[in-house]
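Following this line, the structures themselves.
Common to both upcoming complexes is subunit A, partnered first by subunit B, then by subunit C.
Then we have the complex of A and B:
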């Protein structure tokens, strides 16, 4: 699966928020490549722009206040940044699935599980068959699974219907009955290993446990048959035992449905277990990217190194535990030069003057084919840090 | 306070005894009419926990294990169902009203959700200063009310004593009172016993029904059996069977239904029998009680004896008063009367010392601001943020504000409910460092409630592992985390994510169904999910017992010594899901050990 065209490539993406008088960059100059069938993890502290990045990729950010300043998000050959705002509903949910952190807040409390998953199955069904429901105001949603996205966004304004069959197809009515949807929804619930799906189907989200809700979210995301799944802290709200269940499930699903995953988390333990490649973000920048084994074995950025060291593995008698002094800089008052230099033990005068070079490829330590890159003036010397 | 284990015999700061908290489930009308006993969620079930001054006890377990409920009951935010809680030897559950509020300064809570527990309309100094104001208010209340309370307490004692003396010369009243309380006690006792018996009967019935259901034909045979039954029925109808026989034919084919019917009939008959028995018994006992009361009335003292005793009592009062009023008697006479007074006064409680407590002045906003500004650096915040609002802070900042609010009244115990679960590793490390540092400086005890084992490892001296409302393992943190004994602890540790790519592997997943907390069945609560469970585990309740050779390490497991040698990593071996493999591992370890 690996080696063909990447599912998603993000090139120099910058996202700004305009709040009141000020504007600050939550994501600056981030480049990422997600190959097919691979899990790419993103870690970083709160406020480093992880979630902004996750929502900017499928264009879910409210614009304004958010604004994509520059860069490209190329998904299946199409630049999503160029899609005009009025056409966004056509793009969403057609190839990128999203799993949010708070399953309770992302499920509609007024609808039963069946209705919520069925809606998403229905959307996919309409898209695949070219059926236009009578109440649907716009043109047919675009279907990535059938053909590559055209290069220019203008084409999106036209329904993608086989030539010569336009009238016939658009007037076709969906023949799916409620029973058909029920069958399909049950299949997806079984896919995410829910016991007794017939009962669960008729429950409301508040009647389910946290792990169960998260599985419903995953089932909803999968029912769109996405090529890329963006998971924004999917297990942070769960118990370790439930977390283990959900993670194992996600890993099994990657093999079953051949999706790639962009996995966003602040839990290094979970990422070490799940991801193949790992990106580390700090104050809106991607400071290090590479195969997960390589980053954990020989981090090439002082921030990654100190982050790994502050994982508590000690007893009280070994007090204090190493930590990163200071706190994450406010995005409206970023330090000059390298954004990490006020908290960095390796900082030299050049770090406060000049921004670090863009991600540089380091000499590989393990044999993984993803290059290991770091954005630090002294990337080679990081290994010698205590 | 140092991090070394506390001295050999430290006085416990907090001690719980069989602490229990049930949340009752509202009964439906059908259940009330059917006289079904009420059901309850057993959130905390018989927890014995000791927290010494200046030490940290970590509580770990999955959600729903009762950790938070236990913390809330200990802080008296929930009223307990049963059990005792002593704080510095004082019974906390007996406190009420102002006394309880005055006690609250000893125990503070850092709540799970820093967003929900900080009032968004209050500024930082107001949020953090709130406990100061409350404490000041309660100190003023205490200064004004403590003398009154002491007097009130003394008067109650004297009144009780007088009542006792009065009953001494009215044996009829005494006997009647005794009979009434005994009768009421008996009624309550009988009701409780009946409830118990009913619960046992219900369970036996359910078990018997389940056994009967096993006689049911297999699903694949069901259609065939039904067809045969219909055929037999047709045949019988043609042969002109009486309608009553229909059931008998059905029972030939479905012995399970016959058994069910028999059981249900028996059950109903038993219920009816018990109801009848109960009515009769209550009637009889009520009659007996009335007769006894009447008889007690006649138990008056003979008039002269009554007069004598009463006169004795009055003389004592008179003599005592005179003695107090007129001390200028001849010394021998004074001594004689005084002796008499002493002899009788021994039965009366000694008069109290009425404390004189100066009422502290009301605390001003300026004072609160100053105290808050002093407290903020303790948790690593700048005093300059006094006038900001909680929403302006990140998760870590809010957590620090919550911590400052708990610290400001100098509590002896802080209950930390998931203080770092919403935080990043770097901030988490900072806050955990701070907690340990504060404990060393001020000797505060912590109860750390979390499912983050890493935090418990770093902050706790001892750790208690909870499962479904009970403590299953309790011991020094190193001992429990490195050599866990209880299978649940092992499973929990094996399910942890490890930030180490070399040890990248599938985590252990606990199989089986989580048993319900609604009136749980007897037996070990972990047994249905336990890879080492045997038949005895389903039947007998394990008790928290010290391990031989390690009195500080307590485990509630019937097979503790057999499974002690199995390490959490053994649960992860290939094909580890099969109980057989694990049992083999257990017996292997047993053979090796």
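Then we have the complex of A and C:
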């Protein structure tokens, strides 16, 4: 049933970078499910593969050097890993929207704010009205006028378009005028709480502050009404006060737009405020996944536990601040067994021998909470520790 | 029947033209040297049009025409500059001023023509070679073919090639044009490709890709727009360089013959420097050389100013620095909105009261 089908499910995704002679697995064996209308947060230290994961989903990584080694990215029933490159623009934007972490460089310096947002509105409008081809989830019908011919098994499962049928579809021409675009762009600028949008419309990106630029980026992504929004550290390039503003905005928009969101951050506090489900990544692996409240209450992975312990609050007085000894391992020299064991205070001999089984995150049955899982040999023991 | 969208398109074009011309004048005022360049370029262009359309307005004599005034003996054919002959006359009684003026359309046309054709050829090939350069694909192979061909052409010494072409197809404008054009376009391929390579990995191109914009549109809209500014500037600077090269080719005797039906600055210099002493008849060679120098300088200065006009950052900064004395525009929308609503409310109240 479509109602319960998750917007996105990532299955055993592994992404490699080929740099020179070496190969580095930045994301290994990550499975993830984003149900409709839920906000899934991903946290982890720098270099743990968060951004690679975010960009691998709409296949934005430059190939080479990046390379999707194995796995599936199923977006509304279509495996994006198998979609040919030329068809990817149909999915991006209107299907999967992105907010990048560098608002300074993610806007084209040669275009005014109006042109930037109007292009997004236009792309959506064109795809909606059939001026440009659009993405249709599910099995696509075969067109016999084109090679290659389908295999016998495919004929049974796919609808068939007779040759020449495509010519009957007349291309509709967009009837939007500049004034219509202007109206819609202004609406989106107001949606992201920009004061005096009529003036902002005519400015160039370099004339805006960082927070404003990030709002423009958010407006651009939202104006395409994506089924899934990937926010790749939208607040990390901003200073603290602007961060708070953009975060408030994101939270309000999450309620207003009610989109499915993948929210990537290195800040546990930010994710705690925005996300419903939380995934913790370490050295390219997803080590824990579950509802945010449950993870904060009783983490089941030693890494998550140590992370939570090292969040500074103004009420904590213990000094020195608790930290995790060591640093994230180099992706070219990963430790054997569990990747966290050299830094883990609870490590036992089995941890250095056998890697824990990768997390299999399943879609929650309607109404149920997402199951809380951890990729640790001693998940239960960790949960029961003080 | 005009379509309903038509007036808005026209108005938008006029708006854009007006906005850009305002910016241009302000930038020119802020940068005096480029203003000089702009004036000189305007003069050369106006003179060119006059010489082509109605030469007798500025040119008293025809091309290489014997003025005939100094025929009777004892004759001094070569007169230094005077009021009747501002640039003097040569040993054949030719008015040098007329020849310099008549050479203007040809020299300028060659300069703009060769630089322009190079921008078109080199720009197209450079965009393609820079944007689709992934090794192992059809695009990568095309890119390699384009770049290696470019290298081959870059390896030709332009002067030698010009002499070879002239030797095979004879002297003339087209031979010289072909000779320069052959060696000129590869520079633009390299320039454009370099710019494209720098721009295409910038985050805003990735952002456009993430917004579902197709590759073709990314190239023609996002990449091309950001690559264009340095190329326009380079093109303008290059007009002068082409001119100098063309004159050099004429100077070594491979260009247009002088005296002939169409004069040319380089060939004039070549002709005079071979036959006469510079110390004695200084005006022979000085004025054609000065013409080349002034035209090349004019376009260089203009190109420098264009760099500021085209960059949105400096343009806005310059515009604002000049217009600080103007009071900031009032912001009526808020007030207007409130008054409107109050009027509406009053109207509503009135109607309610009436009913």
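Keep this in mind: the second predicted complex is superposed on the first by the 321 of 386 C-alpha atoms of A that agree within 3 Å, B and C clash if a C-alpha of one lies under 4 Å from a C-alpha of the other, contacts with A are read in each partner's own complex, and residues count from 1 in each chain.
Note that in this section contacts are C-beta pairs under 8 Å (C-beta built on N, C-alpha and C of every residue); 3 or more make two chains touch, one makes a residue touch a chain.
Just so it is clear, the structure is predicted and the values come from calculations on it, not from any experiment.
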Notebook entry, point to check: Given the touch rule stated above, what does A:293 touch, subunit B (first), subunit C (second), both, or neither?
Noted result: first
Notebook entry, point to check: So, A:83: does it touch subunit B (first), subunit C (second), both, or neither?
Noted result: neither
Check: Which partner does A:58 contact after superposing on A: first (subunit B), second (subunit C), both, neither?
Finding: second
Margin query: Touch test for A:216: subunit B only (first), subunit C only (second), both, or neither?
Written below: neither
Notebook entry, point to check: Which of the two partners, first being subunit B and second being subunit C, lies in contact with A:177: first, second, both, or neither?
Noted result: second
Check: Of the partners subunit B and subunit C, which touch A:245 in the superposed model: first, second, both, neither?
Finding: first
Item checked: Partner chain(s) touched by A:105 [first = subunit B, second = subunit C, both, neither] -> second
Margin query: Applying the document's definition of touch, where does A:324 land relative to subunit B and subunit C: first, second, both, or neither?
Written below: first
Margin query: By the touch definition at the top of the document, which applies to A:119: first (subunit B), second (subunit C), both, or neither?
Written below: second
Next item on the list: Give every residue of subunit A touching subunit C within the complex, in rising order.
Entry: 58, 60, 62, 64, 86, 89-95, 97-98, 100, 102, 105-111, 119-120, 123, 127, 132, 177-179, 196, 198, 204, 206-207, 217, 220-221, 224
Margin query: Could you list, by residue number, the parts of subunit B that touch subunit A in their complex?
Written below: 3-4, 56, 62-63, 394-396, 423-430, 432-433, 436-437, 451, 453-455, 457-461, 477-478, 491-492, 495-502, 504-510
Check: Which subunit A residues qualify as touching subunit B in the complex?
Finding: 45-47, 210, 239-245, 247-248, 266-273, 292-293, 296-297, 306-308, 310-317, 319-324, 327-328
Next item on the list: Provide the residue numbers of subunit C that touch subunit A in the complex, in ascending order.
Entry: 5, 8, 12, 134, 201-204, 206-215, 221-222, 225-226, 312-313, 316, 331, 333
